[in-house]
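Two complexes follow with chain A in common, the first pairing it with chain B and the second with chain C.
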Partner chain A sequence: MQSEPRNPTVVEKLRRHLISQEGVLFIIMLVSVLFLATRTDKFLTVDNLLQQGRFMTEVGLIAIPMTYIIITGGIDLSVGSILGLTAIVLGWSWQELGFPLELAIGAGILSGTLAGFVNGLFIVRVGVPPLIMTLATLALFRGLAEGISKARSARGYPEWFFELGQGEFLGIPTQLWLLIVAVVVFGIVLARTQLGRALYAIGNNETGARFSGLTVNRYLLLIYTFSGFMSGVAGYIFVSRVSTTRSDMGTGIELDVIAAVVLGGTSIFGGTGSVAGTMIGVVLIQLLKNGLALSGVTSDATIVVIGSVLIFAILVNNFIQTRRGGN
Partner chain B sequence: MKKTFALTLILALLMALVSMPLSAQDRWDGADDLAVNPLACGMGDEMMEDSDEMMDEDADEDMGMMEYDGGQPAMMDDDMAGMDIVLVDVPKLVGIGYFAATTLGQQQAAEELGNVSVTTDAPTEANIDDQIQVIDAYITQGVDGILFAANDPVAIAPVLRKALESGIHVVGYDANSEPDAREWFVNQAEFNGIAKALVDSLADQMGEDAAFGIVTSTFTTPNQARWIAEMWAYASECYPDLTWLETLEAQEDAVLSFQQAQTLINKYGEDMDGIFAMTSVATPNSADAVQQADLCADVAVVGLATPNGMKPYVNNGCVRDVILWNPVDLGYAAVYVTRAVVDGEFMPGDSSVMAGRLGELMVVNGSEVLLGPPFVFTADNINDFDF
Partner chain C sequence: MSDALLQMQGINKNFPGVQALKDAHFEVRRGEVHALIGENGAGKSTMIKIVSGVYQPDSGDIQLDGRAVHFVNPREAHLAGIATIYQELGLYPELSVAENIFMGHAPMKKRLGLQTIDWERMESGAEDLLAELNIHNLDVGAKVGTLNVGNRQRVEIAKALSLDAQILIMDEPTAALTESDVEQLFSIVRLLRERGVSIIYISHRLNEVFELADRVTVLRDGETIGTQQVTDTSEAELISMMVGRKIENLFPKQVAKIGDVVLELRNLNRPPLTRDISFSVRAGEIVGLAGLVGSGRSETAQVIFGVLPAESGEIIINGAPVKISRPSEAVAQGIGYVPEDRGHQGLIREMTIRENTSMAVLDTVSRNTFINRAQERSLANRSIKQLSIRATGPEQITNKLSGGNQQKVVVSKWLASEPSLLIMDEPTRGIDVGAKAEIHRLMSRLAAEQGLAILMISSELPEILAMSDRILVMREGRLVGEFSRDEATQETVAHAMMSEAARRAASAAS
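Moving on, here comes the complex of A and B:
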């Protein structure tokens, strides 16, 4: 297997896009949306779609670094716990330690970043496999959050604090702007910069990447720290959206994130994937969840349908990609 | 290595220091420092009902001061009185016996009323975010009323307010939200009511001079701390000769609960007459420890627990009373309250509401409907319940 040829002409790019992972997934998404829209007229409205944008921002933000990590062949299971830890540090440093709220937000995000750094440090320096390391910190960070908060929640934030999670800017939920900017910036970083190419190289062949003179360890440390940082930002948005902090925040979000990333065409073995595909995955799952609920499907049946769609989408994509590889 | 060890030691010391000043001075360990409000003394079931009526009268008087603090839905112009209404019930999660029981009660009420349909839909895990999204979808979809049991009182509030703004009636049960985010909350049991039932049961079984230990979750868990504080207040007023021995923490962990109950048995031996178990994990496991020590006759286990876990011990006579509330009645009452609100028969400022077979339920704390005294599961009735 060699890496895909990068073709510079626009026409060829377009054709490639249509049968690319993202293209296929995008078509599946369109079909789902059209189908759901026929089931209920409450689904395809601007208000509802924007509201769904609000709900999916946290998953979307964390899915960006998760895409990076999975492209390198790693995984980060601790993102949900980091989100919870961030939320607790934010609430606790504000309410118990008396930090000004601005500083508490900084402290929260910093602790998330630090948590990601710890993950990266152990993975790079001690050589613990990412799955094991982040499984351990999944428990550890959650435990820390529970210990610090003593199972109490921090509430009563001032009005301005909710602007990010509940407010609107130019008619669009505030946090959605953040997600859009992050997707564009980090999508370009992955696709167009040396850093992005290094990540693909690591995922395709880590040993090879090392011998090619890439500072693999530094890149890995960077993306796990980045994952902690983004989970921290997501934690802040989450607190602002639900207006309270609890130590169980973000439980299980790692599974939503990984599902979206893998659905978006990132290979769990590393080497391929894109931010755009991940975002289609995030949007598809959120719209399915919401559309099914609106058409009167209960929550437990909804997760069954989402699971089936996940398998279906991955099968279809595998089929097409194998055919394409054969040509 | 040495450094790590030293660091761990310092950390442990720090944590010990932090947790030291937590225990309240003269209260039992595990009680919080908040104000207590013990009920009037009384023993036995009949007396208990009497005193609860007394309490209700107190509550009535309080009502003069405690104003209605619930919210109101927008657009009250279309009169739905007597019309068919569609309610959705969003408990903390689905797939557990407890909320299956509240759902059963709601269906019973809906069937009796004939003009109400209720569907239950909630996440399969008790997750605040999922619950918010479920409720949000039903607001978009459009229903006449939402019943909820909140996973978090503050986090759920914005979406409930949105429901009220869309003209949807909102009534809570089991777990409250911020008061202004719903119209009414059906309160299954007040802290002082539970505390009284527990202490009364022990005093009745082992005498008013009994000595007892407590197995709780942690000293800081809000509900447990509140119950223990109220038990302390009620016992010091009504049974001054009761002797409190020790409170032990057992998280919500089965093995640990068993061990802590065993610790109490081994440490105090014949001096101990009873164990209060404060969680639905601690109660069956304490009962198990007592049973294995062959002390069923000497140590009374009184606790809060769900019936299924306690059936073995109640049916073989090792445990006499299990205190909780009846979740079937809880769900039943929530539907009746919502119907009455829609029909305009139950308005802010009212002091009671009629709830079918439960009769008249009292309003407490401004905008809460009290289900009644706690329910005591005994060998006579425990097999009728499945949760």
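Moving on, here comes the complex of A and C:
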């Protein structure tokens, strides 16, 4: 029963894009933005939006590897603690050990990468479930950070250090450029390369992937290490943005990241998802937070609204995707 | 026909890209066992899902007991007295036998003004139902999860009876059963028939049809080919109805030129199921690996493929000793493995034909790690054509294919990797006669024309005898026999498979 594939018309293509997971989310985002713009005229301004771009970069950077990990059916809860650990190692090796600042930045990001590697190693070699392993290191890495910092904060960085977190390049916050490049590069990696294909295969059926000769363990080790690296980069940006180093930095960021990834259409059971979807999720959450705050909504009420939007978006998407799958 | 209990006429059902049923008809009389057979993808599952209310037909009439019915969901079919026993059993493992049987309609009583479950009445009711089926050795208080497959199936049947089912649909009920459980199932089916229950019986095993059924209906490509009295037909006729052509020879083995040794094993060890295994497979040769379930055949295959790495011993590929400790290393050595568990190990069912066929050759369809989709698609199209995979195209999700076509996708994945050795573990299990013959023809051609070395594991002796150039027999993790094609007969191979005790019993009896 071979049916000839027919070239879809423009309308059909447009329709298919609109009812895709990302399309639905994008529409919800547009509606939210328009609504918020009617509540306050401080919201929909170039300056404010760019400022929000600055604030969401750390979550955005970590959300990329988190998307990879959740696609394989895993999770990384330790990203916030890795961010904090990176920040502390950076500040401590510069101020206490007298490293040159460039080297201290490198040491910070390296320690984050190593932390991710440790997660991956235990998950792959010892077979600890990702949820358990990263829940343990969530506590462990934070404890390390606190132990190293001894509750002291490091400040007094030279001017050039703030360029990444507070500066601008061509009128756009410096770190936002980094996020844009990372999103494009790692979005393409996921969609087009062998690595991406392997991640989807692992998430859908890990045994099947192994039996097809894919090097499952190597891929998993790679993405958890990548997650540590990106959390480290986010840690550096964080310190540069707020001009100081404290051991509680990044506390709870893992929940924002996971919320954005799941909101962006990545199944928590693995197998589906995209970087584009995740980024829409990141932007939507950031704009809601900001827009509601500017409209004078209290912060408690803001969380309620964000939670409700999350549930609403997931319901709408489920509804549309099952309808689409059914016909 | 006055005694028709269920009558279906002009049934049509479309799924995206496939017309699953075309003007199909089907009729079940009161108190008969009616076998429904056909190739995978012929429409059997769709037909019974319509009967049981899971699917609604696009058009067509269904009459139950002379009244037109229209089931919107499975519950309505249930209430009308139609019960289904699926391949995947639908029981609650953590609940007791009695709770499972009375799930949803437990006997109640008033206690302290509240409606509560009447546990005593439920347990005695469950015992009565089981007794009606001549089952007396089952503890109704036991958790269903602790029972074996045969007993779980009996619980399902009792559950169907507790709902006063007048039509019982059994979908491949013997697929997971042992010999003695099958016997007991057959006697239960006969008992139910005597009581006037109609049974729709779906099976791939034609001998069961002849042993059990009164009538048999054959579906092919979504159409009803015909209904026959079992006493008026023969196995050959049913097969030709199913595949639409007379089958001269189910196993068209070509004579192949046997070449150099491709795989050699020396004292391969991974106890308990792979002990001191030594054998070789040559280019162009099909070696059949026989043995009972649990004799270590699949485990040995998985040692070779690196899923269960060897603890000691040597694997020699094309004359060079190699170390294989994971599947990726086996693939790099030119080994392909079509596993026994197609859905779990062989395929990524949620992914497309295109993605599955390229899974083992991502390097070949990529440049600088970027996957070339056009190249992938043409690979998939070639596979679809070469193996005549019945699909809407390379972008079809493999989950939507029938079992035989899924198996062809798994085979095409390994053919794409151009292996020098292909291990096929139960290559035709659970697929229909037509696809089976196609796979056999393909294996034979690959060995004869491309000099592929094939190690085939099978539980079907006729398949082993017909396809193999050489036959190895395993028992309890050891290699216990080797036969050339000419020496091997059903008797000699079966004898080698048996345990010492069984052999003594057999020779004492003769």
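The rule we apply is simple: the second predicted complex is superposed on the first by the 312 of 327 C-alpha atoms of A that agree within 3 Å, B and C clash if a C-alpha of one lies under 4 Å from a C-alpha of the other, contacts with A are read in each partner's own complex, and residues count from 1 in each chain.
By definition in this document, a contact is a pair of C-beta atoms (placed from the backbone, for glycine too) under 8 Å apart; a residue touches a chain by one contact, two chains touch by 3 or more.
Every value quoted in this text rests on a predicted model; they were computed, and no experiment measured them.
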**Asked** Clash or fit: how do chain B and chain C relate after the overlay on chain A?
**Response** fit
**Request:** Identify the partner contact of A:166: answer first if only chain B is touched, second if only chain C is, both if each is, neither if none is.
**Result:** first
**Request:** Would you sort A:246 into first (chain B), second (chain C), both or neither based on which partner it touches?
**Result:** first
**Request:** Give one of first, second, both or neither to describe whether A:212 is in contact with chain B, with chain C, with both, or with none.
**Result:** second
**Message:** After the superposition on A, what does A:300 contact: first (chain B), second (chain C), both or neither?
**Reply:** first
**Message:** On the A-aligned overlay, A:36 touches which partner chain: chain B = first, chain C = second, or both, or neither?
**Reply:** neither
**Prompt:** What is the contact status of A:153 with respect to chain B (first) and chain C (second): first, second, both, or neither?
**Reply:** first
**Request:** Would you check which partner chain A:260 touches, where first means chain B only, second means chain C only, and both and neither mean what they say?
**Result:** neither
**Message:** For the superposed arrangement, tell me the lowest C-alpha distance between chain B and chain C in Å.
**Reply:** 24
**Fill in**
Dual-contact residues of chain A, meaning touching chain B and chain C, are none
**Request:** Would you mind writing out the residues of chain C in touch with chain A in their complex?
**Result:** 16-19, 305, 307, 326-328, 330-332, 337, 339, 344-351, 355, 359-360, 362-363, 366, 369-371, 390, 392-393, 413, 417
**Request:** Going by the contact rule at the top, pick out the chain A residues touching chain C in the complex.
**Result:** 1-3, 5, 192-195, 197-198, 200-201, 204-205, 207-215, 217, 271, 327
**Asked** Where on chain B is chain A touching in the complex?
**Response** 15, 94-95, 119, 121-125, 127-130, 132-134, 136-138, 140-142, 152, 154-155, 157-158, 218, 220-222
**Asked** In the complex of these two chains, what residues of chain A are touching chain B?
**Response** 40, 42, 47-48, 51, 55, 147, 150-153, 155, 166, 238, 242-244, 246, 248-249, 251-252, 289-290, 293-294, 296, 298-300, 303
